[in-house]
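What follows is a group of structures, each given as structure tokens.
In the two assemblies presented below, chain A is common to both, partnered first by chain B and then by chain C.
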Partner chain A sequence: MTCTLGEVKNRADFIVYWGGNPAECHPRHFTKYALMPKSQFLPRGRKDRTMVLVDIRETKSVKASDVFLQVRPGKDFELITVLRAMIKDQPISEAQIAETGLSVEQLQDFVARMKAARFGVFFFGMGLSMTRGKHMNSAALLTLAAEMNAFTKFVAMPMRGHGNVTGADVIMRWQTGYPFGISFNRGYPRYNPGEFSTVDVLVRGDTDCAFIIGADPGATMPKPAIEHLKRVPTIVLDPHVTHTSKMARVHITTAPAGISAPGTAYRMDEIPLPLRPALESPYPSDEEVVRRIKETILKKPDWMGERPQMLTTQV
Partner chain B sequence: MSAKRYLLNPMRTAKQGVQVNVGKEGDEYIEITTTLSIHPDDMAEIGVSDGDRVLVKTEFGEAEFGCQTAKVPEGMIFVPYGPPTCQLMDGGTDGTGMPTSKGWEVEVTPVGGSKFEEKAE
Partner chain C sequence: MDLKVIDNATCTFCGCVCDDIQLHADENRIHQAKKACVLGKAWFLNHTAERKYPDALIDGKEATLDEAIEAAAEHLYQADMPLVYGMSNTTCEAQRECVEMADHLGALLDSHTSL
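After this line comes the complex of A and B, so read on.
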């Protein structure tokens, strides 16, 4: 249950940022889409919108908010569950509310504002999805958004992180049916986060080679995963020297995508944006390097000998 | 030695985001990702002051950071994501594919020397 940022810009009069700090992490989000723009339905721009920030601390985004709800760390799921009950006028004990770190009045005001909105949006960040509870927290918020549609229009959208992570999900989805954590070992895609996802594969030591394109797991992944990357031959395609390229057996410098190499980037609402290169680069694009590697591999004899048509017997 | 446990929350900042693109080998990126923000009372309890170095330990690893006071809730520590925070993370993902990257219980102990002294040298 989501929408595009264009709809947010034109219609959303009630914005909730949950576990995110857009003032620092998505600095153009307020001005381009969520708070400032004026539209046919919100002619006074910021004055026609209400913004609620839910976080465990006072971030720089607090200044831009109308209401700040400081939830107790690790109690997002509990708070969402309480809100789900309150919108349906189900009984809630004082202890259950106190557990969230907020008062009854704060929550009653929040629920009243949600119900009075014409078009509400939950933008949720890593503060919700990467703390204890993880996908269960996200699922609870998505459920709250769905349930709010009994009263008014409500949607939810994740605040995606690095450039074009949405693109990786979208492409994998239309190619395989799954967004991430996919294994092709049997010759067809299988999906199982926790088993086939990158961190898990590396931590278990299931892979004996790694091919990394435009990412720096050596500076972002947990230590056990990094240790395994150091043990196996790792090939990196990256415009820069990174922590990962330093531990790699092979580092191929490529042209930066969107600056020196053309392509398509997906905005966090999954809108594809074509990119034209502004500068020339002496280096090939990631796509060209991958294509050339693939062509070279195809010239080599198949390690299985004559490959059978179906791989159903291979386990 | 302080035995009190704190809640560590790695997070992102605008400066860190800029420095990721400038270069992770740069002094500024290293400075940002090795400086934690902590409540003044917590800092006093640990026995350190602004600029002093502390060792942060989880059950999975440890890393050294410089301290700075900030307007953060008591009992909580914030530090921008970076190679030092990777050292503290568990490889388990609870079947989700993503490691828990926020809300770890950590032990904080002072270590000799200050970040400022080291710079002066």
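After this line comes the complex of A and C, so read on.
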């Protein structure tokens, strides 16, 4: 259950940021979409909105919040579960509340505010989705948002970072039916994060050639994954010579998207926006290079069904 | 030196994807990015149109684009279980090409989201 940032801007009077630091990671989120804008429904802008920040530590975003709830690290799931019970007036023990690091009063106040809202929204960041519990945390928060709709309008939206990751999800969903963690090795797409997600694949050593575009795993991934990238032929497309390029067999410099390559990028609420490049680049765009590599591959004889569609020996 | 002004340019540095940026640019670099935040400004102003890096590198040595495309295609073609990964800092058009290529290769396909 989600919405666009346009709806948030015009209607949301109760904003919760959970496990994120928008003041530093999404600097214009407050001013452009979520807190400051005035609208027909919120004529006084910031004064008509309430912002609650849920995080494990005090970040710069705290200053922008009305209420700050400092949850104990790793207890997001417990907190969400307690809240889910509290909105339905189900009994909760004091020990269960104490475990979250917050007081009964704080939670009662939070629940009252949620219920009093006309349009509430949860923005959740990596502090929720990448810590203990991972996607179970996100799922729990989505459930809480769904259950809040018994009382008022509530939605949830992930705070995506990293340029066009949202676009990658959308394009893969459109083409394959799945957003990430896909294998085509049987000739049709299969989805299994954990098995087909890159970190796991690399750590297990389950690939014998890596094609990396618009990412720098050499700087971000755990060591065993990087070691594997060094063992197999790696191909990198990037506007810069990155950490990964340095361990790659092939690096191709491409024009940076949005600066000198045109195209489309998706905003975090899945609104596609055109890019308006300002510079001419001496390098080709990613799109052109990938298309040429693909065409070169297509000229080679088709082997689908002849070769083993798996690794016969571990690299 | 002509200064170009581009209205409503799009910043893709973070998920906000602000599309109201005004860029002032000459042939070589962007001089101003109005309305962008600190992160966006740094991103726009840090890029130039200069040829800072070689077109391509094969095994660490400079190569032409054509050679590199050939080498990349050969590595991918020879592999039994290639992996196509990343796709965050690029356009949807390039992402679409990646998906098609992965499909033809019988490859693994994954983005930053799975991290």
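The definition used in the following text is that the second predicted complex is superposed on the first by the 302 of 315 C-alpha atoms of A that agree within 3 Å, B and C clash if a C-alpha of one lies under 4 Å from a C-alpha of the other, contacts with A are read in each partner's own complex, and residues count from 1 in each chain.
Quick note on the criterion: a residue touches a chain if its C-beta (ideal position, glycine included) is under 8 Å from a C-beta of that chain, and two chains touch if they have at least 3 such contacts.
The structure presented is a predicted model; accordingly, all values stated were derived computationally and were not measured.
Student: Determine, for the superposed model, which of the two partners chain B and chain C contacts more residues of chain A.
Tutor: C
Student: With the two complexes superposed on chain A, say which partner A:96 touches: chain B (first), chain C (second), both, or neither.
Tutor: neither
Student: Touching A:10, do we find chain B (first), chain C (second), both, or neither?
Tutor: Neither partner.
Student: Is A:81 contacted by the first partner chain B, the second partner chain C, both or neither?
Tutor: Neither partner.
Student: Would you sort A:203 into first (chain B), second (chain C), both or neither based on which partner it touches?
Tutor: Once the two structures are laid over each other on A, A:203 reaches chain B alone.
Student: Classify the contacts of A:241 with the two partner chains as first (chain B alone), second (chain C alone), both, or neither.
Tutor: A:241 contacts both chain B and chain C.
Student: Mind working out whether A:127 is in touch with chain B, chain C, both or neither, as first, second, both or neither?
Tutor: Once the two structures are laid over each other on A, A:127 reaches chain B alone.
Student: Looking at the overlay, does A:58 come into contact with chain B only (first), chain C only (second), both, or neither?
Tutor: Touch partner of A:58: chain B, not chain C.
Student: In the superposed arrangement, does A:180 touch chain B (first), chain C (second), both or neither?
Tutor: Both partners, chain B and chain C.
Student: Is A:224 contacted by the first partner chain B, the second partner chain C, both or neither?
Tutor: first
Student: Enumerate the residues of chain A that count as touching chain B in its complex and touching chain C in the other.
Tutor: Chain A residues touching both partners: 25, 27, 130, 161, 180-181, 193, 197-199, 202, 220, 240-241.
Student: Under the definition above, what is the set of chain C residues touching chain A in their complex?
Tutor: Touching chain A: residues 4, 6, 8-20, 23, 25, 27-30, 37-40, 44, 47-51, 53-60, 65, 68-73, 75-115 of chain C.
Student: In the complex of these two chains, what residues of chain A are touching chain B?
Tutor: Interface residues on the chain A side: 21, 23-25, 27, 56-58, 70, 73-74, 126-127, 129-132, 134-135, 161, 180-181, 193-194, 197-200, 202-203, 216, 218-226, 240-243.
Student: Under the touch definition given earlier, write down the residues of chain A that touch chain C in their complex.
Tutor: Of all residues in chain A, those touching chain C are 25-29, 32-33, 130, 159-172, 175-176, 179-187, 189, 193, 196-199, 201-202, 206-215, 217, 220, 232-233, 235, 237, 239-241, 245-246, 248-253, 256-268, 271-276, 278-287, 289-294, 296-298, 300, 304, 307-312.
Student: Per the contact definition, I'd like the list of chain B residues that touch chain A in the complex.
Tutor: Result: residues 7, 9, 11-14, 17, 23-25, 60-61, 71-73, 76, 78, 81-83, 86-103 of chain B touch chain A.
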